[in-house]
Structures are given as C-alpha cells and as structure tokens.
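Quick one: structure below, then a few questions.
Chain nomenclature is as follows: A, B and C, assigned in order of appearance, with residue numbering initiated at 1 for each chain independently.
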Amino acid sequence: MLDCRIPRYKVLRDADECIHCNLCVRECANEVHYLSKKTGALKADSMKCVNCQRCTVLCPARALAIGNWPQVDCGSAAWNLPTMADIATQSQTGGVLLASMGNPKPYHIYWEHLLLNASQVTNPSIDPLREPMETRVLLGSRPAHLRVNERARTLAEPLPPQLKLDVPILFAAMSFGSVSLNTQKALALAARELGTYFNCGEGGLHRDLEPFGEHAIVQVASGRFGVDPYYLNAGAAIEIKIGQGAKPGIGGHLPGEKINAEVSRTRMIPEGTDAISPAPHHDIYSIEDLRQLVFSLKEATGYRKPVAVKVAAVHNVAAIASGMARAGADIIVIDGFRGGTGAAPKRIRDNVGIPIELALAAVDERLRQEGIRSTVSLVASGTIRNSADVVRAVALGADAVSIGSAALVAMGCHQCGDCSSGRCNWGIATQRPDLTARLNPDQAAERVVNLVRGWNREIQEMMGGMGINAIDSLRGNRLMLRGVGLNEKELEILGVKYAGE
Amino acid sequence: MNHPDPSPSNTGGIPNRTPGHACAHRGASSRPHIASRRNTGQHPRAPREGDVRIPSGCAIAAIMDRSGKRHDGSDILRSIALMHDRSNGLGGGFAAYGIYPEYASLYAFHIMYEHDQARRETEAYLDTFFMSEKQERIPTQPVASIKNPPDIWRYFAAPHPMRLAASGLDEAEYAMEHVFHINSAIDGAFVASSGKNMGVFKGVGYPEDIGEFYRITDYAGWAWTAHGRFPTNTPGWWGGAHPFTLLNWSVVHNGEISSYDANRRYVEQFGYDCTLQTDTEVITYLVDLLARRHGLSQELAAHIMTAPSWEAIDAMDPRDAAFETALRATYGSALVNGPFSIIVGSEEGLLALNDRLKLRALMAAEKGSMVYLASEQAAIEVVCPDAERMRAVGGGEPFVVQLDSVAKAKATAAGQVNEPRNAPLRHEVGVLPDRHLLRKEA
Amino acid sequence: MSDQTTFEREGGAGLPEHPLPSAPEVTAVTVEQNAAAQAVAEGAMAVETTSVASVTVELGTSHFREANAAVRAALEQANTVVLTEVFAQRYLGCAMKAGKRLEIHGTPGNDLACYMDGGSVEVFGSAQDQTANTMNAGSVVVHGRSGDATGYAMRGGELLIRDDAGWRAAINMKQYGDRRPMVVIGGDAGDFLGEYMAGGVVVLMGRPGSHLASGMHGGVVYLQRAHVPSNLPQGLVACDLDAEDAKVLGGLLARYDRCFAGEVRPDGTVAAAAPLEAFVALRPASSRPYAALYAS
C-alpha cells in the first residue's frame, strides 16, 4: 500500500559546520541520521524524525536544527496537514491513533489569563530573602474542628495521617514501564532532597525504590499491578487512580514489548504479555464503591497512610470531587485535560476532559459550598509549567500541585510526544537498555531539584509581593488573581474579578 | 424594594441589597455580594463598602477595668482623639460593655435606618422573632462635622421562645441568623450591634466627633474600645464604620490583611456571610467560629490566627509539635496574614493581637485593675499618666485581659475537651430547593 | 479444653462517620466453657477446627472498622478465629498472613480476603461481592455462592465456591512466577467470566454467561465441553486437556470434593465435582490480544 504520509519535520544540517563526528547517527534511536551505504555520506531520513531534539542538543558543531517540513497544505483550515496525515495513517492501518504527552491543541490556557497581585502602600510586601516565608503544605484529611484539651495541650483524637511537603509540588504518577527505572530513580532522589513525594504510578514499586518509601506515593489502578500488602505499606501514601487527564475514561495498555524482566517483576506479571488496566476499577461502579476501596486500603494499612484519589477533570468534576471527599478520600487529585501520558488514543487525548484551571476552581468552590473543603486536601495537575502556574493553582484553591511533564523536561524530555514508540532518545520513556543508560539518575535528579528549588524561590517572591508569608494564606485566595481576556462566564467559574475591578 | 432611595449623598446610606442574597454563597455563585444599583439615572455615586473592598489604616484603643467597675466614655474619647492623624474622618466608633445592666439578659440591638420604611420593616420582623421589652431612639446631639446621620434606634429584646424552640438553634445562633437577615434583606437597615449588656456607637466622622454625637460620656461600662478609621475610599455609609460586632463580640482593627479571601472563603463554609468585604468582618467571624462555635479559648483562637512558624514547631518537643501541627493542619485557612492589630471585646474581657510579623503598632499598660491598649503609647499616657508595665504587644502573642470574675472561674475549672457546636448549614436542613437560585437559573 | 472467649459488641447504629483508629472498646467479655460442645449441638461445621486453640468473636451488626479491629486483636491471640453472627462486615481477612484462619458463620460483606497474603478463610454461608479482591496468596472456601467481581485481580491462592459466582468473576486475574491463582466455581457463572484474564486458572462446573473470557490474554479456563459457547470470542481456543491440564484440573476437582462433596445446595442438588473427562481448556491464542489495535 502506498504510504501517503509526508514527513512532519525536516532535518537541517549545516554542511559547513558539520564535523562528521557521526554522533547524531549513534544518538538517534529512530535511525534518522545514517551513513549512506554507497557513499558513506552522512544522510537524514526526515520521515523518521520525531523532533526529540537529541541530535540538536548534542551536536558538538551546532550544525543541526529541525525545521518544519516545507510542504504547504491545501489552503483549507479544516483539511490541514496533520488532519490529512491522521487519515492517511488510519486508512493504511485501520488502527486507533496513538499519541503521547499532553493535549497539544490550542485550547485556552487559562493560566495565561490570570494575573497576580502585589501589595502597594496599604499593606507591605515581604522580602523572602530576609523574612520567613513558609511553603510547607500538609496533605491529608482533617476534622472540621479540633477537639483538644487546651490545658494539657493534647488532642482528644489524633490527627489523621498527613503527608508533609516542604514545597507545594509533588511529582505526578509515572509508572515503571511507561518510563524507565532511571527516570523514577531521579524523581525519587529529587523528592527526598526536596522534602516531597514521587508517585510510582500503577506499575508497582521497583525494589531499588523501596529505600525511598518515605517519599513515595504508591498507586492502585484498575490493573492492580504489583499491589499486595507489602506494596501498600511500602510508601507514605496510597493513590487510587480512577483516571488521568490525558485519557479520561480509558484504561491503560502497556504493550508486551515493554514488559521486560524488571518491569515484569515489579508489576508481578509475566514477561512479554500486555499489561492491561481495565477502563474502570471493576470493584467501583458507583461512588459508594469508591468508599469501599478507600477503606479496604485503609484496613490493609492500619489507617496509617493517607489515601488519595486521582480523577481526570471531566464535565461533572465538582460533584465527583465532592463525592470523593464523602467517600473517604484524604486527598483529591484533579488532573486536567492537558496532562501528559506515555500513551493514549489521540482522539481521547485531544478531545476529552476539561482544563484544570476551570476544574480546580469549580471543585474548590463546590467543596466550600458543601462546607467540606477544609476537611480534605486538593491537588491539581495537568500543565503546571512554571512557578506562576503553581501560585495561580494555589490561589484558585489547590493545596499543592503535581508536575509530570515539567519534571521530565528538566531531565531532558523535549515533548516530542513519541513516548509510546519506546524509542525515547533521552532515556525517559523507554525500556531499551542502551537508551535508559543515557539518563543518569543523579544528574537528572539534580536538574529536577534545581528546577523545583528555583520555582520555590519564585513562589516565595510572589507570595512576599502579595504580603503573604505562609502558603496557607494563599490557598483559595482568589482576590490575589485578576482575569484578562476572559468572558463573564469564565470569570464566574474561576471566581475571579476582571483586571481593574 | 419599591420605595425611592432617600439618600443620594455619599454619607448616611446603607448599601442596597438584592433579596435573599444572604445565602447566595451557598448556591452556584461564588460572588455573593455585588449590590444592585437602584439609583440608576441619578448622578453616579462612589461604591459603598460592601459593593467593593476598601482597605483601611486605623487607630485603635481600649480601656478596661478588670474588677468590673464601670467608668464613663470620657477617657476612651480622649485616648482615641489623641491619635487623630491615624484616621481621616471617614469612620469612628466605640464599643462599650456593661452599659445596660438593667437589661443584661436581653439582646440590645442597635439599629441604623436610612428611612422610615426600613424601620417599619425591621420592627415588624423583630416583633415576629423577638419579644421586645423596650425600644427607643438612641439619644444623640448635633455635631457640626456630622452630616446626614441615619435614624438610630435600640431595642432590648428576647428571642420569641416558641420560635426559638422550633428553630432548633441555640439562642446565639438564632439571634445571629436574624441579624444576618436584617442586614442582608431589609433595605436601608443595619444592625450596628446585637450583644447583651453592650452596645456600639459608630458612624462616619472622626471618632471624637462620633463620640460627642452619641454622647458616650453619658454611659458607663467596664470596658471600652475605640476606632478611628483611615479608609482609602469613602465607605459611604455608617454601618461600615467600626467596631464591627457580632453577638457580644466587637472588633476594632488596624491594618490590611493579605489573607482576606482565604479567610473569607474559609468562614463562608460555616455559613458566615461576608457582605461588607472588610478585614474586621472576617476576623470577627473567625473569632466567633473558633471561640464560640468550636469552643476553643480566645487565646487558642488567637494563637490559631497567628500560628507559630513551622521552623518554631519543628524545634518543639514532639508532643507540642504534634499539637501545633494538628492546629495548623486543621486551621491553616484561619491563619491571618499581613499587617494587623486587633482588639476583640467580649463578655469575658479584651483580647489584643498583633500579626505574627508584628507589622502594626499596639501598646499595653496597666494601673491597678485598669488595663489600657492603644496604637500609640501616648494615647494611654494621656488618660493615665502613671500607667505601669507599658509594653508593646508582641507579634503573634495573644494579649488577654479577663474580668477578674471570669479569670477566677476559668482557673478553677478542670481542664476539659472543648465541645464544638456547629450549626447545620441551611442547605443541609432545607426541604426545598432555594427558590431564589431556581429563579436565577430559570 | 481450651478457653473460648467471645467478644460481644454493640450494634453499628450511630457509628461515627470516621471511627477512631484505636481498638474498639470491648463492652462485654464472656468466657464460654462449652463452646465446642455447643457448636456440635448446633451442627456447625466449625467443630473440627475448634479442637485447637481458637477465639470466637460475634460480630452482629457491628461496623466493619470495629469488627476488623476485633478480628485482628483476636488473631493476635489465636491462629484460628471463629466469627459468628456475621452481617455484611467488609474486608474480613484483609491482608491476612499465612498461618492465620478465619471461620465465618453468616454473610460477610464485600472484599472478603482482600489483599490476603497466605491466610485461610472459610465461609459457612455465601459471600458478597469482590471476594478475594487482589488476593496474593492463601485459601478462600465459600460454602455457598459468591457475588460479582469475585476474584478480581487475584494473583495467587485458591478460591473455591460451592455454588454460583456472579458477573465478572476472575476478572483481570493474573499470575506471576510461582503465584498462580485458582478459582473453582461449583455452579454457574455470570457474564464476563475471566474478562481481561491475564493468568491463573478458572474451573467452572456449571454454565458460563455471555462474553466469556472477553479480552483474556493469559491463564486457562476449564469448563465442560457441553458448556462451551458456540460464539467463542475471537482469540480464544478451546482444546482438549493435556497431561498438565489433567493434573491441575484433577487436583482442583478433588479439592472441591474434599471441601463440599455431599453438601446440599439451596436448590436441593448435592454438591459434587464434575468428572475430569467432561472438561476442555479455554486459552488465549496470544498474550498480546491488542497488538495490532493501535497506529501511530
């Protein structure tokens, strides 16, 4: 069958600068760069290029760049090149289009329409370099009110278990199998260094990561991979994964070729077989069933671990979140529709779910209307790209945020969106030993630690500007936000005033 | 709602309200308090407090006799007058405790009216839910600088016993609910205070003029607090002046808090309605929530609002750290951030508190059974030249003055676990959908 | 004669929304000297196991949190705990380890033996839904029926059900290394038996519902030749037993008989394993059923 697809990218090699070191040939797992068998000349097959930028970054002569393929489209806004390419792919395979990372479509990024406040005259800004500035967050459920013996300074009932974050940032769930063990190790090292938590995802906890248990959140998804009493008690908290922003309503499917010996051992499934997570948990067909799973996990861990429940941001997310709180979830995690993934059906990734900004605002407001916001913790994720996004998310109502893509980018990911191929040139979304060896966990951890430390300093600066010295006072403080370029309805849902109001 | 707006001027008014908006925050809208503009077609007026959030700087002062002996308002008047330059003539007021001993068991409602219609509506409402023993216009005297004052009345009343029993609320919640209703639903009426054996006298003007207007030297109380306000904008009406009150609480406050919206959205979960959008209002609700509803001591409530730093908690022994951690985890949204100094009055006495970074001034001194508090030392010395133990109230260190009788009772009481009493939220006990919201959606 | 201690507790009415994690208050402790004799008199099947030291706990309508705390406390005292008057308490046997045994009289609630890690549970009655959810190892024997999603994500151990199983039994069951879960269903099974099954063994004596073993990509389902649906899903093959099959299946059939033979079911029939010869093995043709599903 004729392959009607054309390349997306064009490899641009500056012949004057190229020193023919052939590093690009060795580095490209997609075999874009190659030496001509006939002439020995350095060539490029642009068709195979996914724009991971590995060659561009590593080229010692700075002789490489990746451009768009210069083909013009037919002039129709509807029938543009990507649309045509998708049809070509499906007409040639009959398959479900697969994609990776977050929704790339140009939907509104509401973060960019929310501006932050600063103090002028009527109250003072605070200088975080010289005055205390608290970014510690506790995650867990709390009573609406405490019963205490004030004279003895004791609690009548113990506080439910809490996670203690020194920065308001967690690492999002990424399973071993979808990412490499080195990636998870880097996140584990970074979490320990930063005083926060990584999330092992649904693929079990590799034995090398067990020493990081105090900084691990172990996940229970519908496939229950690696889930046994030891696993449940190995981390600091348990997260029930109902859904993720990139693929709401869809299960997981790790292809057999990624189930090598280590992945197999960690997931406790045979090597080479597909690892299928059903779309729903088959013990949760209703909200009261979630309560059953939450409490089965609490029973299995002696009520010593907070239980988080993660859902994708979907249309009725506010009511869902309220139900989750009432079902006993200690931490509610909402993942917006731009959240990343190792693999998802493209049409799902690009078309299902709602933006995290609106979902977060709606959830926080609903929980407050119900009078239960203070009894549960709320974590937002799905395109938290910088410290200002963190501040916005907290001001909208989040206790903390999770970052996945940003942490991967810190390690080298260039968002090419080809994770599902298993040929990640950065050693992140692959199990190929030659590729995973490219990611040094210590160095990757250092980059992630630098990133989060940098963000946290910026968060402190922004809080200080607002005259706030504890992140508790930023949480849900929507007066610190003003909208620009938003309509009335968007302002209403976000619960913010327009700039100038 | 169809009577004309009698007060087109910038003073004396009370913000217009949409009916039923007191519970609007329990519905879909997150912005419960944008008042409607009835005076369309007239010259545009500046927004009144409640329409917008108006930051303020201030002077505050308080004088209390721990023995419970009463003294008249002349000292507090002199004390606050000395700090004239800390206010700008756009708000002043006083709270006095122990001034109505003959009606000590009754709620003393001080209510301001913009017009007669408001008074008629309010009195009809009060007659339905309370049994009034006495009602009268509060005596005032003309002061040159005070223009266009509202009509100000007081009522000494007890809850209607059968209605109280049928409400399922305790007396305080019952009174509070009806005060909220009057303030939010009766156009042109505002309850300035609603405690027992206490009252608030406040308005637009310098505090010394307001004190003269209300003839506060004619009253005798065991505690007085005073407020001189420096709002950035004209608050436009008398109800917005301070002290702010709720039941027996009165709060005077200096500063602008940066945690306002976090605190507001926290207390609104418990059914409070921050219609005025002022710091003082939200601080009052926090104190009421923590101390009255959750049953914590005023000290612990203040401690929660100015929680110790995590650095300090980490350095504590594990038992103390666990206690403080639980407080911060549970009450993180009750942390008050940004500069403030407050004096909270109640039937127990006074509570003074500075923010934990000590960004505002507040001095304290004593002489015998007398305790003095003021933004500035001289405002104490002007009424008590030989005041002793003059000191600044530290950042995040609650300064508590209790009546000797209260202190004695507490000292002998056994250490007990507090028993919170949360009133059910309206949406939890309603039997029908909120018709106002249904109409809006339709 | 060993001491038999009965923990009686109050009913579950008015329990707090989030009960305390501390052990519930024991409201009455009585010592029954003749519990075993009484058990004999009542014809309870627990009699053979009460000859070793065991503790009896009456659950009544207590809340699961109290009940499980009491069960855990009792398991500290004795390796075998007899639960009487069981009414809907969830999670009994949760994460229970090897060497520990629960004998349950009544009807336990959902998630019986969830995450169980080597323990043994025997139910003298029926089980509700999600029995042996994500069980890792051990044995669950149900003298009755078990409900929906029975054996969900089981990874090891055995689950023997005398009568029927509900819908989606053995769903997403898997195996790893020497852990190979075995589910034996004496009666019929609801629809979607063995859905997404990735490993382990299912023995079905009675009839399957529709959508049998949909998405199955590992393990084996033994069912009677006469019950193999004509419209077997694509990717599944039914074949005669080989020697290994006969060994495994034969062992399970014998195990079934040891547990249940001669017991009279509610419909009047007598429990007995079907003959080995009647069975065929249902297997996935590929461990990668969806290998060609995607395009990128």
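The definition used in the following text is that a contact is a pair of C-beta atoms (placed from the backbone, for glycine too) under 8 Å apart; a residue touches a chain by one contact, two chains touch by 3 or more.
For clarity, every value in this text was computed on a predicted model and none was experimentally measured.
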Point to revise | Partner chains shared by chain A and chain C (touch criterion as defined above) | key: none
Exercise for review: Taking each chain's centre as the mean of its C-alpha atoms, give the chain farthest from chain A.
Suggested key: B
Practice item. Go ahead and note the Å separation of the Cα centroids belonging to chain A and chain C. Key: 38
**Study point:** Centre-of-Cα separation between chain B and chain A, whole angstrom
**Key:** 45
Study note, to complete from the structure: Rounded to the nearest Å, the gap separating the Cα centres of chain B and chain C is 63
Study note, to complete from the structure: Listed in rising order, chain A residues that touch 2 or more other chains are none
Exercise for review: Spell out the part of chain C that touches chain A in their complex, as residue ranges.
Suggested key: 18, 20-21, 64-65, 68, 90-91, 94-95, 110-111, 114-115, 117, 129-130, 133-134, 136, 149, 152-153, 155, 168, 171-172, 174-177, 179, 195-196, 198-199, 215, 217-218, 287-296
Review point. Across the complex, what residues on chain A touch chain B?
Key: 119, 122-124, 126, 131-132, 134, 136, 138, 140, 142-156, 159, 162, 365, 368-374, 466-470, 472-480, 492, 495
Review point. Within the complex, which stretch of chain B touches chain A?
Key: 25-27, 29-31, 53, 55, 57, 232, 255-263, 265-266, 268-271, 293-294, 296-297, 299-300, 307, 309-311, 319-320, 322-323, 325-333, 335-339, 356-357, 359, 415-420, 422, 425, 427-428
Review point. Given the complex with chain C, which residues does chain A contribute to the contact?
Key: 89-90, 92-99, 141, 157-158, 160, 222-224, 227-230, 232, 253, 255-256, 264, 267-270, 272-276, 278, 282-283, 292, 295-296, 299-300, 302-303, 328, 345, 418, 420-421
